[in-house]
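Structures for review follow.
In the two complexes that follow, subunit A is the common piece, with subunit B as its partner first and subunit C second.
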Partner chain A sequence: MTNKKISKKDIGKLLEGWSREFTVFVPSKDRGVTEMAKWDGKDTGFFEWYRNTVIPAKSSFLPAMEKMFSFQKDTDGYHLELSQDQQKRILFGIRPCDARAIAIIDNVFTDSYEDPYYVSKRKNTVLIGLNCTNPYDSCFCTSLGVKPTQSVDVDLMLTDIGDEFSVEEITDKGKELLAAASVVKKATKADDAKAKTVTAAVSGMVKRKVDTKDIAKKLQACFSDKDYWEKVAANCVSCGICTLLCPTCYCFDICDELSKKQGTRYRRWDSCGFSIYTRMPMENPREEKWRRVRQKVCHKYEFYPMNFDVIACTGCGRCIRLCPVNWDIIQILSSVPAEQPAKKKVVSEKDVSYRY
Partner chain B sequence: MSVTDISHRKKFPAQGNIYLPHIVVIDKIIEETPSVRTFHFNFNFKDGKLRKEFTFESGQFAELSVFGVGEATFCISSSPTRNDHLECAINRVGLVTNALHRLGVGAEIGFRGPYGNTFPLELMQGKNLVFVGGGIGLAPLRSIIWNVLDNRDKYGKIDIIYGARSPADLCFKYDLDSWNRDKTVNTIITVDKGDKNWTGKEGFVPAVLEQAAPSAKNAVAVVCGPPIMIRLTFPVLEKLGFTPEQMITTLEKRMKCGVGKCGRCNIGNLFVCRDGPVFTYAQIRSFISDEY
Partner chain C sequence: MEQKLRKEARKLLEEGEVDYIIGFAPGSLKFSTTPLIAKGKEEVASLVINPFMVNNLAKFLTEMPGRVGIVAKGCDSRSIVSLIQDNQVTRENVVIIGVPCSGLIDIVKIEKLAGKDRDEIDNIALQGEKAAVIVGGQKTELFTKEVLFDNCLACEFPTPQEYDILIGEPVAATCNRELGQEKMKELEGMTPEQRWEFWKCQFGRCIMCYACRQVCPACFCERCFVEESQPQWVLPVPKWQDNLIFQIIRNIHVAGRCTDCGECERVCPVNIPLRSLTEKMYGLVKEMFNYEAGTDKNAPPLMTAYEYEEVKDLIR
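What follows is the complex of A and B.
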């Protein structure tokens, strides 16, 4: 397949053309934290500083806070009004790990009952990837089957080859988008070769590794090893950052907001790191911190694969980079005891006495 | 069903927005105990079509919302054999339940559901049934008890053993009376501690159950109540000869979405909202988790 290419200085023109039909989102640091934000119509300097966003691209489909519907009361009783975002969008510059993460959480939102808010946004969005050429020290994507440069899970994939981007068409959706763009040229053989060189160079740049083979089995074996989990959870401050900013974490809370006779039901990100997450009036199955840390780790590497055949982690390294106490998932996964200490029943009957 | 087996999960047909509640109107409120009220409600005229089409099964639950306060999970305590209205017994313990208790007849609330799996009625047909309940745990039990009593000839002997902390804490006293009068049912009511007017039994449910000693032969036991009661009841049933497959219970977890998305009600890879809330003791024992 022959690739296409586009000069870096033409990116502005390209986005401008798309802006007529789509709302274009690009990496931005306008709000002080890097995220995918609406393009301001002129600035294309983001590839100078952009490595990956702090707020993962999942926020474009499952926003940190999202209005579900509003309700109003009159003499006739309550009236509900749906709120659904139908704008056509382009996410420009999403990294392969984050694109993979979206493909992973698609499972949840399309399984059994379909989630209308997520699915409609997903259908109306074209993903344009930008291959990673400058991974962080904390990245470990290659251990989770993600390459910093790969051509899956997006509609178009761009690779930085100096003054130009090599553009690979992956889906028809992407092809259609390119067809109308006059600034896109055919790539030469030399360009393709350049792209290959870049790809080859990057693959060795992801230094951290963790063995994820059999990890589910190992975690299952040490599930009730309270000593291990207490040790693992010791320095955790339950801030929830590793889950809220994880590109594959999708848990949410549903809340109401009221003003006079009108109100809104919205959902917002929630985290299994908080004890209130599972708290019931009479009891809480995850009151202790070690149970919550265990839930986070086991959900990603054991339970999620049981349900959807894929580990809910892409090795983007955010939970390592952004943790205030340097909690390190790689260390934890590498130190899972291979086998349950002999005859050591760690969670005693007494520990679970308030349960069944 | 083992822990890894999720084959029973079915694909639900598109049914519009799963988070959008239907509006229901409170028809009647019954004061059960100082903290428990039963709400009778029905779909309002705006949802007339649904009123005819709506069905559910014993064991399923619903998400009720007080607009402006929030949404919470309740089991449906009425029987599908009496489908002219729905009932939920609600204990006043948190934000939403307190708001519900402030509502009166005629108030509109939101209703999503029914969700979750059901009691295995087909498996229970032709068998002797033992219902063991404690406190507000009678709510889910009541749905299946009326369901069974309305098809009385399909089932064998029926024992109902129900207890509460005090006579004032007994829920559904009107139902207890009618079961007491029903000659085809053996009903035993007990309280932990009686008051001066109490002439009935005193004692904890597991102990009373052991005394009553229903036979395990061709029987199924359904146990609902506070966790401590369930925990103590299972060993008694085992002593009476019930196998883990013959013991059924419902699990309770904090829920928000009710449809397996929001994440919080998991036990291992299962979600109580979608894979439960009805489980056999055999299933519970096979969970790798100590979190239920």
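What follows is the complex of A and C.
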């Protein structure tokens, strides 16, 4: 390993240097909620409080609200003005779970159709990770194959080794970024050893576990077990917190703001937790709460892996921490019946057609 | 207390008095509970009573079929009564298991005072006026009034007014509306321009998760006005203007139904001080109509009753 290192007190200088070329985003609570926000050019105090942000880092690529284009009508017809964010950006301090989540939803936005809004922001952004050294009691990343300290899905990865950060170059993008930074030094063997000790200590700190090995199969088997899903959904209040603030949930809705002869098209986060999400003129296949809860769970752990071979969850624990009723996905996944009792097997035609 | 509650709940199920029991079970997070909707009599063994039972369970009543036994704090019982007044719940179908409440612990206040997150706090103990918080082996003495929810500090009815079974002794109100109104007073002290800026900033971070609406027992509409598209009252995009309109209309809709349970503010994932709005409305309703939501099941709902004297002061 040929790692580099940087002193914590030099982080301000480092960010300042990068600010000349990039818009730098760091963990912030200036707006009254923790999120990745534009660096104010001074404060590096986020190391004191930052564990993870409430607003997941996906919002840097798929914002809660995004202007797509505006349009005007005159005698020649309609005129469109595209709105695309082309600024070069650095996200500084993203956690491994959230970086993994972005890699997971990249699949959706680059699959059969390349989403220009998402992809342009993604291409123009350098991800600088900050390994997790203080996971929450609700974190369960290790059950989803994510380690709190790992060196993937980012361009550079930092590990806290006391007064300094050990810096690992993961991609060429990351390497280029460091080349011009004079405050970055070569790490010694002792520094590398420290980073290894930190990594070893943190992996045991993620206490909650769930067996995800056969989860897709189990979910498939109990899809029509209405009793089970009704019980699981009983205390859900159908708000959008666990989905909107999930780093791997990517659903959005599109709507127009219209005034006389002009308008703006927006897209915004949407959630399968809302009954209106599937409302159609004639019927609503997920009118009942248990169907929506089932959709949320099955989409993440059964349908998404069928499409992209990866579970759409990184165990960041936000859905558990932020839920108004403490609906706990770990408990739900652990309670999925292993096998269906024969008498319970009622597959209605309606249910089959509503899968996926 | 818990033993008595479990015994009573079990009895209700065994004797076929109710089909379900709605109460609180221990949560998976430290210092948390989760709503328990129990059908089987074995499940009631996990019912708890503690200062972390934050949810207003009345919310679940409107979606439960059959007869239901429900654990109710003072504010929950008022919400149940309000739902009865609005014909959303039939009194005969509900067995109210009243639990006098001395106030609930606002974990966010403790997090701020201790400078630590929920999971880093070892223990919280309430003893009368004192609260002891242990973090990393270090004990910090706080006052109970520093760690309770604002709405609990302002609570006038800690003991359920409407109940079938009461668990434990009634608790006298130690209500201090001043303490519970600090945030609102601060807002009232602002100029209209400052206040406008304040709310613009607050609603600028709303993500339209609708948790405030979803946990509110007074929000029982089957279809919310924000979901209407013809006419479209608000744009379904979280612009601060639309978020503000949503909250203003929601407030007017729950006027005379809001029991100041504080759930809307507690659940907001982006920390919008929503209770400052509901609290203001609650005070206005009391001042203008001498009406307190959910205190009399036989009273007509506020907005359906009209008295001639009201006209003099209605528009100002």
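Here is the rule we use: the second predicted complex is superposed on the first by the 342 of 356 C-alpha atoms of A that agree within 3 Å, B and C clash if a C-alpha of one lies under 4 Å from a C-alpha of the other, contacts with A are read in each partner's own complex, and residues count from 1 in each chain.
Following the convention adopted for this analysis, a contact is a pair of C-beta atoms (placed from the backbone, for glycine too) under 8 Å apart; a residue touches a chain by one contact, two chains touch by 3 or more.
On a predicted model such as this, the values are computed, not experimentally measured, just so you know.
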Going by the contact rule set out at the top, does A:330 touch subunit B (first), subunit C (second), both, or neither? second
Which partner does A:234 reach: the first (subunit B), the second (subunit C), both, or neither? second
Have a look at where A:291 lands relative to subunit B and subunit C in the superposition and call it first, second, both or neither. first
When both complexes are superposed, which of subunit B and subunit C contacts more residues belonging to subunit A? B
Quick one: is A:54 in contact with subunit B, with subunit C, with both, or with neither? Answer first, second, both or neither. second
Tell me the contact category for A:152 with respect to subunit B and subunit C: first, second, both or neither. neither
Which partner chains sit in contact with A:244 here, subunit B, subunit C, both or neither? Use first/second/both/neither. second
Touching A:180, do we find subunit B (first), subunit C (second), both, or neither? neither
Answer with first, second, both or neither: which of subunit B and subunit C does A:193 touch in the superposed model? neither
Under the stated touch criterion, which partner chain does A:255 make contact with: subunit B (first), subunit C (second), both, or neither? both
Subunit B and subunit C footprints on subunit A meet at residues 253, 255, 257
Contact residues on subunit C for subunit A in the complex? 27-30, 32-37, 55, 59-60, 63, 117, 119, 201-202, 204-205, 207-211, 213-215, 227, 235-239, 263, 266-267, 269-272
Counting only contacts in the complex, subunit A reaches subunit B at residues 68-69, 71, 73, 77-78, 80, 82, 108-109, 111-117, 220, 223-224, 250-258, 263, 265, 267, 270, 272, 277-283, 285-286, 291, 295, 298-299, 302-304, 306-307, 347, 351-356
Residue ranges of subunit A in contact with subunit C within the complex: 31-33, 51, 54-55, 64-65, 136-138, 234-235, 237-241, 244-245, 253, 255, 257, 266, 268-269, 271, 274, 276, 289, 320-322, 324-328, 330-331
Contacting residues of subunit B [partner subunit A, same complex]: 3-4, 6, 9-12, 14-21, 23, 25, 44, 46, 65, 67-71, 93-94, 108, 110, 226-228, 230-231, 234, 249, 252-254, 256-257, 259-264, 266, 268-269, 274, 284, 288-292
